[in-house]
Amino acid sequence: MKSGSGIERLFERGRFVVTGEIGPPMSSDHAPVRENARFLKGYADAFNLTDNQTAIVRMSSLASSVICMEEGVEPIMQMTCRDRNRIAMQSDLLGASALGVRNLLCISGDHQVFGNQPESKNVYDLDSIQQLMVFSRMRDEAKVWGEAELVEGPKVFLGAAANPFADPFEFRVTRLAKKVKAGADFIQTQAIFDMARFERWMAEVRSRGLDQEVHIMAGLVPLKSVGAARYMKNKVSGMIVPDEIIARMKAAENPKEEGLSICVEQIEHLLTMEGIHGVHIMPVAWERKLPEIVERAGLLPRPTP
Amino acid sequence: MGPRIVGFCCSYCGYASADLAGRQGRTYSPGVMIVRLPCSGRIDVLHILQAFRKGADAVFVVGCLEDNCNFVNGNFEAKKRVQEVKDILDALGLGAGRVEMFNVASNQGWRFPRIVEEMTARVEKLGPNPLGVIADDNR
Amino acid sequence: MTLPPGSEPVTMSSSSRPARTRRPVVRGEREPTGRIGVFLCRCGGSVDGRLDIESVREKVSSMDGVEECMVMDFPCSMESRETIVNVIRENDLDRFVVAGCSPKAVEARFKSTAQESGLNPYMVEIANIREQCSLVHNLSEATSKAGLLVEAAVAKCSLLVPAPHHRGRVESEEVLVYGNGMSAVVATDELVSEGAKVHLVLPFSPHRLVFNYHDGIRPGHLEDMRDRITDSDLVRVHGHSSVERFEGEPGAFTALVRSSEGAEEIRCGAAIIAWEASEVPSPSLNGSLVVTQAELESIMDQGRVPDRTVMITLREEDTYCPERITHIEALRNAIRMKEMDPRVQVTIVARDVLAFGLSELDYREAMSRGVSFIRTEASPLITVGDTVKVRVKDLNLGEELSIETDLVVMSSWTQPYDTGHVAQVFGTPVDREGFFIPTQVKLKPTASIVEGVFLCGTGVESKTPSEVVLEARSAASRAKAMVSSKMEWGGAVAEVDPESCSACLTCIRSCPFNAPFIGETGKAEIEIGLCQGCGICVGLCPSRAIQLYCYTDGQLGAQIGALVGRVR
Amino acid sequence: MIIGEQKPFKEIVRNLEGHETILVAGCRSCVAICLAGGEKEVGVLAESLRIHSDLNDLGWEVGEATVERQCEKEWVRELAPLVEEVDCVLSMACGVGAQIVQEMFPDTRVIPGLNTSNMGAPEEQGIWSEKCGGCGDCVLHLTGGICPMARCAKNLLNGPCGGSQDGMCEIDPETPCAWDQIFQSLKRLGRLDLMEENIPPKDWTPSRNGGPRTIVKSSAVLTEKEKRAREGLD
């Protein structure tokens, strides 16, 4: 066991893992995190606490993770490369581990121009792959980057993101391989709408044996409306929403219901796909729908880690 | 003929000291070929490299005594050029010792053969320039 | 650049293209050109007999471009040089090689020979097969080495191009002397005695030229000299004046001289900066118990001499290098005190006593008269009460001494004033303390880096009055010689290829003679009259835009190739 | 100007591994002036590479070419006939030049011969210092003509930090404290009042942080119509 986290144990036992997402509030009040955690507890094995998602200033992912733990919910703390240099990153990892955070997702982070601090300076001292290299070394060798030894290394299960829908497509699997090489234990993918392309990607992943080396969790976003589908197709880079999906949402009498159905169908399909060890469900601004999705997909009750 | 050695000599002191050595009958290795420069400051890194590429076993540059250059600081410039070549020779694995800067006065005829001796000894230590050996083999 | 096409890098693009790039070839490699004559010298027995000159001739005569190759007894003799001229003319040669003794000995002669043959004087190359072959190697070694040297000379010669050769335009034989004291007077006197016309520019009235006498110069001598030159028809004195601008080249300078009455342009062929330093007032003097050497002299002039005297020759802030005259002055005054009263005690504190030349005799005399010397490194501590105490660490004894004395005599120091402006106007550098820097302090002590501008006086370096006289006369003679000479210059001078120049200022920053400047086209140019041909700029130019005539990259490359790239 | 320095010879040789015909391409602009990549340095490096090849029997063919400015396509185009002959270009220009060469010759590998360092100026012959941070929003009028972006190790905007000692920066006793220099400069200029004001958080969007920057001077850009008209004339 690298970290002893709940999801690590589940992966070890070969269970299909479900993770969700809790967005920290634009507030110093802990109540919203607590309430969400209480509501969602038991419907997924762990929850991502995003790190100033889309570069909008929010409660820190570390604080939010700790609040979740107080509610008995296992957090996956996200940490972007945008806002911290390697000193802060390593320090925050030590702090998070000390407070009991056992899962950490390494990501580059959205550029600040998308958020409410577009004038800020970004850091990107490390990129997400380097972040994985640094963190896995801290954990496995109890050394900070360089040679200095740590008295006690962090205990953490390291996650990374993968986007099969960005370009150039032929490099996407290589990038995953680099993350695996850098020390990623599990992968959460970008939200899948173009299942055909995802299958092609997975085929390549399997042909390189990467699914044997890392736990791949397919990312899903339930669609709330045809507008949301169009928005994701047109405005969010690195997302592919096929026209069939848009047409299906458009034709639906009850688009919300249709969105949930699509998501459930996707999960059912993914459950049969070789190399997929779990799903990461991100009901953006629709967090309370998670229990329904998980239940309809037959993923309840969640196993005890 | 002994090792092939090129000596770039400033006209005022280096060359004059070789002239004096000659007139005083001070012998030295006949493999030494002198290239006369107006001032050691005229030396160009490229000239020295060209000599080595052609197979020279060693190169030396002779200027006036420090603070005694006829062109104020030409000999200091030459020293810096020689240092540049030393760095390159080290990087090439030929050995920085194959090139050296010397400062003499025009009336120091005895110095010139000593310089040749010094460079000859260095070639003995470092071995011949492989490029010269290759060139000879090919001809 | 007037180098012929092909001698330097090949340009790929035609003029209609915006960019100039270079073919990937080794620079300077080109077909040798020219019709070359080679003249080999037997040099009596000092070449022939010690090497096989005939076999050298055979080897060389088959070289490409060699039209004529002959062995001569003494090519440097008048007769042989006439023969060479004829051979050149008859065979339509355009360049030649002489192999014999050192070019340092014979180059000038063969330049004239080239000129007499109708060639540019720099179309000759000399191979030194005497000093570098026959005198130092055995017969077989000398023969094969001579062959290489001559081949290399031919290789270089085939790439020679006519170098710039300027005949002097001495537009003015007048000499400008700009000074403020003794050396200006002496230099002017020397020029007048050699028949030169002089403009003597002084910052004050000539009557304010007053002099200190010691060091064996007859009192009144300099005043006589002053009066003589101010009365001379050959001298025009510009009192209360300064030189505000100085431009041109040797033989043809223009100086703008400004006085209270206005500015005037003066033409001159050479200039002498004859600047004197003045005494730096010492801040540490204390009343009548601590005095300068000059004050000591006045005390002695009054017939008084203290019982105990300590002379200190170290400057507080600079314990190392004393000025040239400091110790001489101390020694002479110490001797004079002993002469006045052999019973007095005189102690000289110094780091090392530097008594130049014949002053060494003064040192011996001082020793024999019982003057004591204390060697130290740090400036002594002086405490003044009823008497004066000097505390000093004696290096020889390794002990700290405390000496009670009646008088402390401190050496004073000199510094030239207002030299910064003069330096700027004339383009001659000064050091941090304001002393003028000669081109080469030992070999050319009166030359400045500006050709045609000479230096003398204590503003160059501290010196004794008799040395000042000698130096001022030397500077004057050189200036006179320059304006009287044929004034030829050229040959190994640098030239910029404006096409390649990046105007990076590297040459301007690195030239010791301020010869490069940025011309009207925005590219570097070389002021040929200032270029001394050292080639520093050539070795540094990042764009390889500068070439030095007689020593181009191509010529040296060919020479190196011929010397090294052969099977032995 | 852009300041760069040559990469260590051994690194260059390592990076050239696998290539046999090499064009060493220099630039006559900034890098020539900072004595890193002009014709002289090209010549010296090319000759060194030839010696390396001869010594190790690599059979390299090393050519040399130097263009006016490697950062402009028109000049770089002149290299075309030479690039055709080689399998790799060793660019002695700054990173900009090396990129333009690659852009112009996408099928030939470009290897950088220099490390591009900064925008700076010569202090004296052979010494260059960084002067401008290229932040896209100049504040020199507020800082006494001294750039805190380039010359303060922390990019501070509101005066020297606690590490400023005797005019020097804490990072290294040889490095002057930019904010000390700014203070001295504003003092000389009688404008210390400028240092009283708090400069608010800086807008970094015009800098590198806003992503790669493109400057468009629309009055100089050929419109589509113009381009078509010119093509018609051709």
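In order of appearance the chains are A, B, C and D, and numbering begins at 1 in each one.
The rule is short, and it goes like this: a residue touches a chain if its C-beta (ideal position, glycine included) is under 8 Å from a C-beta of that chain, and two chains touch if they have at least 3 such contacts.
Keep in mind the model is a prediction, meaning the values are calculated, not measured.
The chains that touch both subunit C and subunit D are B. In this assembly, the chain whose C-alpha centre lies farthest from subunit C is A. As a whole-number value, the distance joining the C-alpha centres of subunit A and subunit C reads 79 Å. Separating the centre of subunit A from that of subunit B, both taken as means of CA atoms, is a distance of 68 Å. The distance from the centre of subunit B to the centre of subunit D, each centre being the mean of the chain's C-alpha atoms, comes to 37 Å. Averaged C-alpha coordinates give centres for subunit B and subunit C that are 26 Å from one another.
Residues of subunit D in contact with at least two other chains: 40, 43. Residue positions of subunit C with contacts to 2 or more other chains are 510, 540.
Residue positions of subunit A in touch with at least two other chains are not found.
Contacts between chains, counted with the stated touch criterion, involve the pairs A-D, B-C, B-D, C-D.
Partner subunit D is touched in their complex by these residues of subunit A: 111-113, 118-122.
Subunit D contributes residues 23, 28-29, 32-33, 35, 38-41, 43, 62-68, 74-79, 81-82, 85, 122, 124-125 to its touches with subunit C in the complex. Here subunit C touches subunit B in the complex through residues 102-105, 128, 130-133, 135-137, 141-142, 144-145, 148-149, 152, 439-444, 449, 492, 510, 512-513, 532-536, 538-540, 548, 550-551, 553, 556-557, 559-561, 563-565, 567-568, going by the rule given at the top.
By the touch criterion given at the top, residues 1, 4, 6, 11, 15-16, 18-19, 21-23, 25-28, 30-31, 33-39, 41-47, 50-51, 54-56, 67-74, 77, 81, 132, 135-136, 139 of subunit B touch subunit C in their complex.
On the side of subunit D, the complex with subunit A involves touching residues 201-205, 207, 209-211.
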